[in-house]
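Below are structures written as structure tokens.
Same chain, two partners: chain A is paired with chain B first, then with chain C.
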Partner chain A sequence: MSEIENKAENGSTEIAGEGTAGEAKDDKGLGLGVIFFIIAFVACFLSGTLLFPKLLYSKKEQPFNFDHALHVGEAGDCETCHSLREDGSFTGIPKLATCLDCHTEEPLGETEDEAVFTEEYVAKEKEVPWLVYSRQPDCVFFSHVAHTQAGGMDCVSCHGHIGESTSSRPYEENRITGYSRDIWGQNIFGIKKNSWDRMKMDDCAKCHKKETGHQGYCFQCHK
Partner chain B sequence: MKVDRRSFLGLGLGAAAGIAVSPIGMKLTDDSSIWTQNWPWTPVPVDGEVTYENSVCSLCPGSCGISVRKINNRPVKIEGLAGYPINDGGACLHGIAGLQYLYDPSRVKTPLKKNGDKFEEISWDDAIAIVAAKLADIRKSGSAEKLACIADKEQGSVSGLFKRLLKTFGSPNFYTMPGLESYLELTAETLHGEGQTIAFDLENASFVLSFGAGIIEGWGSPVNCFKANASRKERKAKLYQIEPRLSNTAANADKWIPVKPGTEADLALGICAVILENKLFDSPATSSFKGGLNKFGALLQKEYTPSKTAEITGVNASDIEKIATLFANAKMPLAVFGKGRGDGAQSLKELAAVHILNCLVGNINKKGGAFVQPKLKYLEFADESMDSIAENGFAKTKAAPYVNQLIEKVNESSQPVVEALFVYNANPCHSLHDAKKVKQALGKIPFVVSFSSFLDETAMEADIILPSHTFIERLEDVPSCAGLAKSVVGLTKPVVEPLFDTKNPGDAVILIAKALEGNIAQSFEWETYEECLEEVAAGIWDSLSEDGFAIISEEVPSESVPVNISLLANNPATVQAQGDFELTLIPIDNMRLISAGISVSPFAIKTVSDKVLKGKDIVVDINPLTASGLKDGGVAMLTTPIGTARVIVNFNEGIMPGIIGMVEGLGHTFDNKYVSNKGININALIGPVIESGSGLDAAFGIKAKISKA
Partner chain C sequence: MKQENNKAYKFGMVIDLDKCTGCGSCMVSCMSENNVPFKEDESKKKDSITWMRVYKLTNGKSFPDTEVVYMPRPCQHCGGKGDHGHSPCVSVCPAVATDYGYDTGIVSQIYTRCFGCRYCMGACPYHARYFNWWDPKWPEGMENYLSPNVSPRMRGVVEKCSFCYHRYQAARDQAYAQGNKDEIDEENYQTACTTACPSGAIVFGDLNNPAHAVHEIVKPDPHPDPRNKHVVGKSRNPKVFRLLERLGTNPKVYYLSEREWVRKAGDNYLDGEWDKIKNHHGATLSND
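And now, the complex of A and B:
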């Protein structure tokens, strides 16, 4: 046996010996590794779940508070202000002209918000730059009339109980897409309890499947 | 406890797994996909209330009804107006691109005054004051008749106001650009008497013999003609197209008859000769002919026998006889003049020779024939207040019968023929023959006022620009004057607030008149153009304002009209092309381009084929038999007696040998990156040839040579 082979044999024995001795050490190392793994896992998971949404969305305040409950009480149902045009298209958030059907240059109430509205917008004939919680990306075609009249759906199914709110909650804008948080929903996992909690394509498809038996084709909405 | 490599591995794996099961991944994927479908820098049309406003397009004499689609009161689209008596829902590519003119980069945004080589912005008050002061000086100096005006058309209240201003000022010098309207009137006046005009019932004719009329290339009222042509098969009507080049109309026709350019009149007379010789004419109709039918007959038998005509025109003698027989025997034959779009150069000989065919076969004022009727008269202006300067000046003879001769006279005379010139809705520096000379003439006129909405070639030559609203922004009556069987007056309405500090040209004229004071101001007592229009169009105002149009007549006229053939009986000379070169350059009208008045829109110019415009080079059609030494698709130099141009050669067997065809309407040079500096202006290569007698510019082309560059 050559010297080299001897060395190799000895070496291998040594290495094997070390290996046996190292197993006990490795167990400790592995234990530490597992701890690190768990710490990192939990930290990253929590950041992704709790911190990430805070970074992703910026909060913006509406120009002034709007009391839906008060308006519904005074004016009637949703359609009074959010009406359909003759051609079936939806007016969305009413223009100043619609507000002026009831409001005048004199404040109707004594709240600070009413004062802002009359001074900043009515007097200056400026449209109120409302931030729309439910605005969808422009690549989607959506017809309100098809859902509310032909489909017989009520507003709450998609918009929730916004009509009962007494103040405007902050608008959360996605920093990447520029769209409202309401589209994805408040739950960052996309889990929803109510039909109005999120309004993504899958939600449309699910409802369409349930109501019409088919989830619909791409071009029906992505024209 | 020792932190080793495995701990870090654990840390890394833990972080990766934590992120993987957290919502970050799916949320970012979703957001980035939304982001990439909605680039923040991509313009997104604003959503809003959709409304439609009806109006009338006045980009060409077609006068089609349009429906302007608006979102949040912003016009976004022009569509043809269904139910409109001229186009019934149809629209051409220029009409649908009409909104581009609103935002045209060459729009004049405020009144301008020339200072040296540059324009400076001035206020409307200053601009009107300068114009009024200059005109008052001219009037005071005793040369009131030296105020001239070039407009696009005779009809309409805005032209009416210009004429009224000139008359009360003391000038008879109102000119219109060459157009189908003036050719129809001149032909009617020559053959049927004063105050008449001609319309063609293309929708009902059973056999249309078109002498080069580009029925689907923008002739007359384009959409109406397209529809009439489209219904031809259903109606079993025939179309024979006579022209030197296989145009779209010729390709669509039942027969294409190639004819040597400039000999169309001779061919028409040759057909007349066959009709007379073979007694195919309508005897009751011809019995009332005045002006020497026998003399005319004798002339035809001598000069225009089929064989002689064949020699002149290049059309077979047998074909001439066949065409004449088919035409005369057709139930509702109709001969149509006006080459191309109908607004190019024409000779009165040709106009009369073609129309006399209609008279010979007796289809005047019959369904499917030619309608000879009084000129459209729906405007009632109150009598002008005339002082002695106005009376004397207006009674003087016009400086020239037509605009081409006026330009020639201004250039030749050492004394100023015109002291001040108004230009409205016209671009003579681009659309008249020998554009360079026209520019030179405008340079010689001491004071030029342009009413253009755009800083085009002519506006560039002006001393003052009083910018007009575009047709999207203004009110105006729009009479149909394109040879339509129906007489309709439409109302162009402002569908959007003016974008810039411009005015309705009618208001600008009223302001100038008021500033001139005296009898002129007294003749313009309206506060606004709107008030004026309502008053002068009172007879049809109710239907104009309520329906957007008024039908003046749609029935076949019942009157029999006299026919005087003395012009033709006296054998007028045929106009020859200028120059001694072997080939002949002729203009081609293309539906996708505009050759008169306004320039083509950015959208329309993009639709032009690369057999017409390749990059920035113009393409000319030439028959391979004539193209010795040239290469298909190669660059060549085209030379005419008045200019030279670099062109690309397109071998086309659909053009007669010996002819070079070049499209009209390109080669603009004003500041508009979308349409300018593309191709060349054919009017810079063709000079005017004045027809003796009529005074019309009848240059159907020019002699040319072409050689490899």
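And now, the complex of A and C:
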């Protein structure tokens, strides 16, 4: 018998011997192992779902609170402030000049936010540095007129019921990409219940495929 | 909300080489329109990025017979063999970072998708693609002059001419705003180089639309060339040719010249080859 075969035989008997001797101990170890696994799994799962989003996103407050519901009631529909220009481009969040169509240097209401607005921005003729929840990355081309005029969609389809909100929620910025959390969505698993819960490329493509029969070529939504 | 697919455009360009003076306005306007980064030393041509580039051609004769022609070269937006959209660069991209828009005939380049393998640069017969070896560095304050309609590129990606696609997007938006879904006006979508050319050498428009000036000049033949079935859209104007036309890449950039040596310079001809085919409006010889 060669040396290697000898070693192999000895080795196998040793392992077999250990196995028979430690059977009772192994059962106990297995139970502990399962408990340890479950504890570790729960700990990792909870930190992944609860702690990770907190670490990933930094919260920023808007310059002051904005009451959409109040403004819709006073001024009319979305288009009063968020309008399309004649050339089809979208005005987005209105500039101070649009606000001053109604507002004056005298506060229109008695809220703290109105005071901040008139003192900090109207009096100093400074634009309000709003944080845009729905801002897409640089490489994305989005045409509002194509969706609202040509496609006949309403604002709610993509923006949700923002018009009924009475306060501005904190703006959450992804620390890695710098994009708003609204792009990925509030759900860390990316699960969406409403069409406005998430605004990633796949969401655009899915709706385009459904409504136009084709998800579009790259340049349809990129620039 | 269901929409019909709109009819397809086929945007193309014809450049009159007899009108081009080689001034370089097209190159300058292109760079500023499309946020093309420039280097500290732009004389290093291997490093510089020029979506639109003006080449100098001569007829090789000595004085007094010397003639010089300047040839602006944007991306040719090839339709590929048989004009089916299999452009040389699109076919080789492993990341689908470039695709052929069947609705416009424009070859896209998506910078965020590109990972910089540069296969497309190897595949492009026209050297129209450029690689960003460095992150762009703008002089202090110049970021404020960048166009918001064109996304800037980063180190490690390929870029190229897009026929100023953002201007098409803007023209389409305007058409929507005016309630006209199907047709954009010819003058509403013109590339930056076209509008900047002081001698009017560049004409841009829809090759599918007989009302457009580019169609009027080029008169593209919708049928495949009987001598080479891969070549589609050849001009029926004997003064108009395309670069390396016999490859069957079917570029959408046409060139126009009254001079025969210029038209001959559009491809590599073997001895005696040119004389056999020069009367068949330009450039195709049965080779398969």
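One rule holds for everything that comes next: the second predicted complex is superposed on the first by the 208 of 223 C-alpha atoms of A that agree within 3 Å, B and C clash if a C-alpha of one lies under 4 Å from a C-alpha of the other, contacts with A are read in each partner's own complex, and residues count from 1 in each chain.
As a convention for this text, a residue touches a chain if its C-beta (ideal position, glycine included) is under 8 Å from a C-beta of that chain, and two chains touch if they have at least 3 such contacts.
Bear in mind the structure is a predicted one, so any value in this text is a computation, not a measurement.
In this overlay on chain A, chain B clashes with chain C.
Of the two partner chains, chain C is the only one that A:223 touches; chain B does not reach it.
Using the contact criterion defined above for the overlaid structures, shared-chain residue A:149 touches chain C, although it does not reach chain B. After overlaying the two complexes on the shared chain, residue contacts for A:89 are found with chain B and with chain C alike.
Within the superposed three-chain model, A:213 lies in touch with chain C and out of touch with chain B [touch as defined at top].
Of the two partner chains placed by superposition, only chain B is touched by A:176; chain C is not.
Of the two partners, chain B and chain C, it is B that touches more residues of chain A.
Touch criterion met: A:141 reaches chain C, while chain B stays clear of it. Chain B runs into chain C after superposition on chain A, and of the options 1-9, 19-27, 73-81 or 271-279 the stretch responsible is 19-27. On chain A, the surface touched by chain B in one complex and the surface touched by chain C in the other have residues 85, 87, 89, 137-139 in common. Residue ranges of chain A in contact with chain C, taken from their complex: 84-89, 137-139, 141, 143, 145-146, 149-153, 211-214, 217-220, 222-223. Across the interface of their complex, chain A is touched by residues 1-3, 5, 96, 98-104, 106, 108, 110-113, 149-152, 162, 165-166, 169-170, 172-179, 181 of chain C. Interface of chain B with chain A (complex): residues 1-4, 6-19, 21-24, 26-28, 30-32, 34-35, 37-38, 40, 44, 47, 49-50. Chain A meets chain B in the complex at residues 26, 28-30, 32-49, 52, 56, 85, 87, 89, 91-92, 137-139, 174, 176-179, 184, 188-190, 200.
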